[in-house]
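First chain A sits with chain B, and in the next complex the same chain sits with chain C.
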Partner chain A sequence: MTLPTANPARPISRKRPFFQRVVKPWLFLLPILLLNVLVILAPSLSAVYYAFTDWTGLGDARWIGLENFRRLFTDEIFWQAFLNNLIWCGLFLTVPIAMALLGANAMAHVRRGQVFFRIVYFIPYVMASVVVAAVWRNILNPSIGIGVQLANLGLPWADIKFLGDTRTALYSVAFVDNWHWWGYLLVLYLAAMQSVDRSLYESARLEGANRWQEFVHVTLPGIRPTLVFTLLITVIFSFLAFDYINILTGGGPANASEVLSTLIYKAAFRRFEAGYAAAIGLTTSLICMIFGTIFVTLRRRGMEI
Partner chain B sequence: MKVSKLLSIAFAAAVVTGACAAPSAAPNAVAPQATQSSSATTSDTPAPAASGEKVKVIWWTETAVEDYQDKLTENFVKTFNDAHPNIELEMKFVDKLDEVLRTAVQAGAGPDIIQTPGPAFVAEYIAAGHIAPLDDYAKKFGWDSTIFPWAVEAGKLDGKLYSLPLTYETVVMWYNKKTLADNGWQVPTTRAELEKIAEEAKAKKLFPFVNGNAGWRGVNEWMVTLWWANYAGNDTVYKALKQETKWDDPLLVESITLLNDYMQKGYFRGSKESYFATDFPEVDADLASGKGVFDFSGTWAFQYKSSQFPDHPEDWEWALMPSLRDGVKQSFPLSVGSTLSINSKARNTDAVAEVLAWVYGDAKRAAKIIHDYPGEWLVPIDLKKDDFPADTDARFIRILEAMSAASKSGDYGYTTWTFWPQKSDQFIVEQMDNVFIGKLTPAEFSSKLQEIYAAEAKANQLPPIPAR
Partner chain C sequence: MTRRKSSRTPSLLPNYVILIVLLLFAAGPLVLLGFNSLKTTAEIGANPLGPPIVLRIQNFADAWTKGHYATTLTNSVIVVIGTMVGVCVISGLAAYALARMNAPGFNAFSLYLLVGTSLPLTLFLVPLFFLWTKLGLTNSLFGLIVIYWATFSPLATFLLRSYMVAIPADFEDAARVDGASDWQVLQHVMIPIVWPGFLTVALVTGLGAWNEYIFAYTFIQDEAVKTVVTSFSAFTGRFTRDWGLTSAGAIIMTAPVIIFFLALQRRFIEGLTQGGLKG
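Right after this comes the complex of A and B.
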């Protein structure tokens, strides 16, 4: 006796009615599409329009063509902010990624207590930025923070006003942001490393590879999609960085830690130049779009990323 | 049609309907994180009805600690509602009020009363047609004679009254009496005395001035306001405001130079780097502990004094900033700290005007509010000592009497956040840091300010300057 097979394979697309094939999926998609149009697409398009106006944020906007962009290219603070974004990007493409790769590689060999370390490293990422910033603001405080404490212990060179010195403000904020960010990357890389075929490592060892050679020739190629993805989001996030900078330095002192997003905020809400802020925002989006396009193009050309 | 198919269509339809309903709910998307309930907005305000329904008036105001919110509600909202059976005032305490309000008003969903951080902020609302003129109500309620003329004048544009001053402020020199006594210092009234104390304080490893601007870069403009007023003098500042002289006038440049010199000498917390990295809690703590000597800050600081000096509340005191140049009088730079206007979309402006009138209508009520919520609701009307509850801090009454006297005599100075147009004001806030780090010279700073100010003047964006 043969049991009836449950749901024998049916020819799916051709015999299903039009409603099932076309209308029904769109009905499910429609709500989220509408929501996206309302809260993302429409404001984005309106921001593109406002970038060409002198809108203050209140009342009507007057079309001024490319004036905001002309001003932007001669605005010293814009270039300072752009440079700071590039520095920020460079820092985040190297320091946290290197730390996370090394950390994940070390942890991949830990058999007991790995979950504990994962949690410990991940906790900063789920903490509210306001809380993290408040903690680090105290640690870096010029009167009671780590600098003055080290100086009291006989290390006068360590008495650095981290957030108040124009030479260190940006790097200090980047350090704090990195402190919360690298644990997230570590967990991503660890998960990716654990999916690398173990036989590749065994083969490498049989060939006499040491740990470093294993890491370079097996691990890195094995996690390349994850690695490239994190590089892409790092670049994009670097141009969107706002919260830690706004909380810790507000872009100061003397614009030393100003980035494009804090500049946009100040233009829109302090100087009431919403049109100019939209122009900076549009420029920032174009920069991010360039990196995104490079990523997509490389994928289309067959790169395994 | 199968049941599952029907369900899936119904589900999709329900979600689509929900999404489509979003625009009508959009005002809530910009509604503030109020600490009181209700999200009613102007559009919800019922008409004054013949049906006997109460007219609702919505007022969003700056957030405050819970105790102050309760007292404000008790002293103002409750007394108003009790006295006006046909009107229901609802006050909401809103974080980042200015930003939230701008978005809401632009979306047509703001409250009936538009409260801004100062006259410079009102101009944009007026230009956008969001604010109704108050001239008729001013006549009806006699605001011209009740409120100090300079403060009423600050709310006018092209001769029309658009905003009323909710609170007025000044910037003074706070100090710790014990610190001065322990070191044998007297309150300085001249530049020489101030600098002598500053040098001695430095030698004793004390901060001459405890101020820092990490918590609010706007601290820069408090300093600029004080240094202009007490070095260049109020008359010179007035002339520059009226464009009878320029911001790169030698006296005004020298004021900035002197401020910068003090910064370079380490009077402000030992170094500019410390000034840039220090927030208000440390400023307050250092003044209270005697680690620093003077704090240049505003009357809004009254609300923090009890928590700043919990063990020795008798130790804090205020004084006028010393004169920084021979022949220049010590004076009060006055400001309007918050303004009140009527939203042009308010459905019942008469009811809203009644609320505004309640702010200025009774000296004892205003004094009680000031007593309970010191620093932020200093209504600019002529308050006498007898108006205040008996247990009001004498130091507080003294400063209010002095501000009142300056208001009546016209012998006051000008704060940048009230009498300067927006872009010029922001330039001062943001660019003084560059003077302190040597990227801009005081002369360059002043010349650039002049350029911005002239451009704003040309665009008719200067706030009204009361005649001296």
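Right after this comes the complex of A and C.
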């Protein structure tokens, strides 16, 4: 580590201020800057280049223009994966957020046991994805899991091969991911709800508002910034979802739970089509960037109005 | 509590009903994991979802040896400590500069860090892998730690910066009057005051490094340097039928996290909800 003060800056009156004002502050940022360039920026920029080549990951890359993108847009599996990302996004914009709002709202008015509930809801979030996946893989097991058990109890329709059926695989994985995710949202919403002005609730009650009206007219506007923030991260994370899908189904069966990131992974590391993988990665990033820009624009506008 | 217990206050019964249903949803699978870790394979076949009849503690000893936990836990501890210490140093320096100095380009750099944290990892994963192969950093704990330094430090920087900004500058001014340099101010004034912030950052970063999957899975194939996460993933693949064994393995690798979390839950939750956002 370079000690900024150890730098023998000669006290020439014109140079020293520049050193103090510009060089020294940047020396503090040097480690994070170098690491970021090495691990994130340089590989990202090279991915932009590789997206237009036939790179295999080894050796030289040949420029092939838009060929990867032409292939991408005619690749049925790409569209299937993209559609699955959209379904994933729709699921995560509704189910965990509704559960978290319901739970946080129920908890905000409760004093007794609040710490206990909060801890238990949060535990799945601190567990490793591989462990969560292992727990649910057992519960959803097609031969002795919950489906068969329910069928034995007289509910034959419950005998579903959750992760092994093309119709249910994606939803089953999303369910498992949600089990570890919703508690996190709940804690975020709870913190936001607790900072809503109490007197607003008092006056809503004086005006005879019921629970639902109170929730819609006081709580939701009160936590709007947090809510909007979680909507944005949900959309972005939906296009990056990887862990649970890779662990539980690997994108199968028959690409039924394939998403963009598992597609990239397979292209790069199974089929050694690193150029094609970079093209999918670049497309994914553009999608995320579009949503990010929309969010920032909306927020700017919302704040001005 | 008593103050608000007026006739206008609605009953809390529906609240508790909702909370208990959600509690069962969150805790049920955890209880089941505990049950299964104590059953034999035969008992799981006969009674997959109920409590164990005979407690089979042997599963934990078997999982420990068959899952190579001595090796993989050591590897994970090395990765976690290396990541925590590195991120605290790197982000501490950056956060101090961003909180207290105002050089040209700092605003742009903050924005860059923010954008960088939302870049999809799948964009840079592939070129990074081939770069790391060239540099001989794959199958190396150090290579993995460097990636974690880069990916965890931006959010840690923002979190630490927010703690530092909240500290009045008076203390530092007093030290400067006495002739202390920036470095000395950081070391002797700032760090002693914001150390709880560093603890929070260390916990969040450590948790992230312990649980991280995609980099560990991609960059390390060699059994001898696998972390507990990727090794467990392979372990469940090798013993798909033996739920008792794999459940015990799951508990071995989760117990340290849960213990730390229960002991320091306020700090964990504060760190994770303020800055350490992950998928």
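Structural remarks
Just so we're on the same page, the second predicted complex is superposed on the first by the 277 of 305 C-alpha atoms of A that agree within 3 Å, B and C clash if a C-alpha of one lies under 4 Å from a C-alpha of the other, contacts with A are read in each partner's own complex, and residues count from 1 in each chain.
In the analysis below, a contact is a pair of C-beta atoms (placed from the backbone, for glycine too) under 8 Å apart; a residue touches a chain by one contact, two chains touch by 3 or more.
Just so it is clear, the structure is predicted and the values come from calculations on it, not from any experiment.
With both structures placed on the common chain, the touch criterion links A:Arg270 to chain B but leaves chain C unconnected.
In the superposed pair of complexes, A:Leu150 makes contact with neither chain B nor chain C. After overlaying the two complexes on the shared chain, residue contacts for A:Leu231 are found with neither chain B nor chain C. More residues of chain A lie in contact with C than with the other chain of the pair chain B and chain C. In the superposition on chain A, contact is made by A:Lys24 with both chain B and chain C.
In the overlay built on the shared chain, the residue A:Leu220 is in contact with neither chain B nor chain C.
By the touch criterion defined above, A:Val187 lies against chain C but remains apart from chain B after alignment on the C-alpha atoms of chain A. By the document's definition of touching, of the two partners only chain B reaches A:Ala254; chain C does not. Once the two complexes are laid over each other on the shared chain, residue contacts for A:Gly164 go to chain B alone; chain C is not touched. In the superposed model, A:Leu200 lies in contact with neither chain B nor chain C.
Shared contact residues of chain A with chain B and chain C: 24, 28, 31, 35, 38, 57-58, 137, 141, 144, 269.
Residues 24, 27-28, 30-31, 34-35, 38, 56-60, 137, 140-144, 161-166, 169, 249-250, 252-255, 266, 269-272 of chain A are the ones that touch chain B when the two sit in their complex. By the touch criterion stated above, chain B contacts chain A in their complex at residues 8-9, 12-13, 15-16, 18-20, 22-23, 98-99, 102, 105-106, 124-125, 127-130, 213-214, 217, 269, 271-279, 282, 286, 422-423, 426, 429-430, 433-434, 436-437, 439. Here chain A touches chain C in the complex through residues 1, 3-5, 21-22, 24-26, 28-29, 31-33, 35-36, 38-44, 46-47, 50, 57-58, 99, 102-103, 106-107, 109-111, 113, 117-131, 134-139, 141, 144-146, 149, 179, 183-184, 187-188, 191, 205-206, 211, 233, 236-237, 239-243, 246-247, 260-261, 264-265, 268-269, 274, 277-278, 280-282, 284-285, 288, 292, going by the rule given at the top. Partner chain A is touched in their complex by these residues of chain C: 1, 8, 10, 12, 14-16, 18-19, 22-23, 25-27, 29-30, 32-33, 36, 44-45, 48-49, 89-91, 93-94, 96-98, 101-106, 109, 112-113, 116, 118-131, 146-147, 149-151, 153-154, 157, 181-184, 207, 210-211, 213-214, 217-218, 229-230, 232-233, 236, 243, 246-247, 250, 253-254, 257-258, 261-262, 265, 268-269, 272-273, 277, 279.
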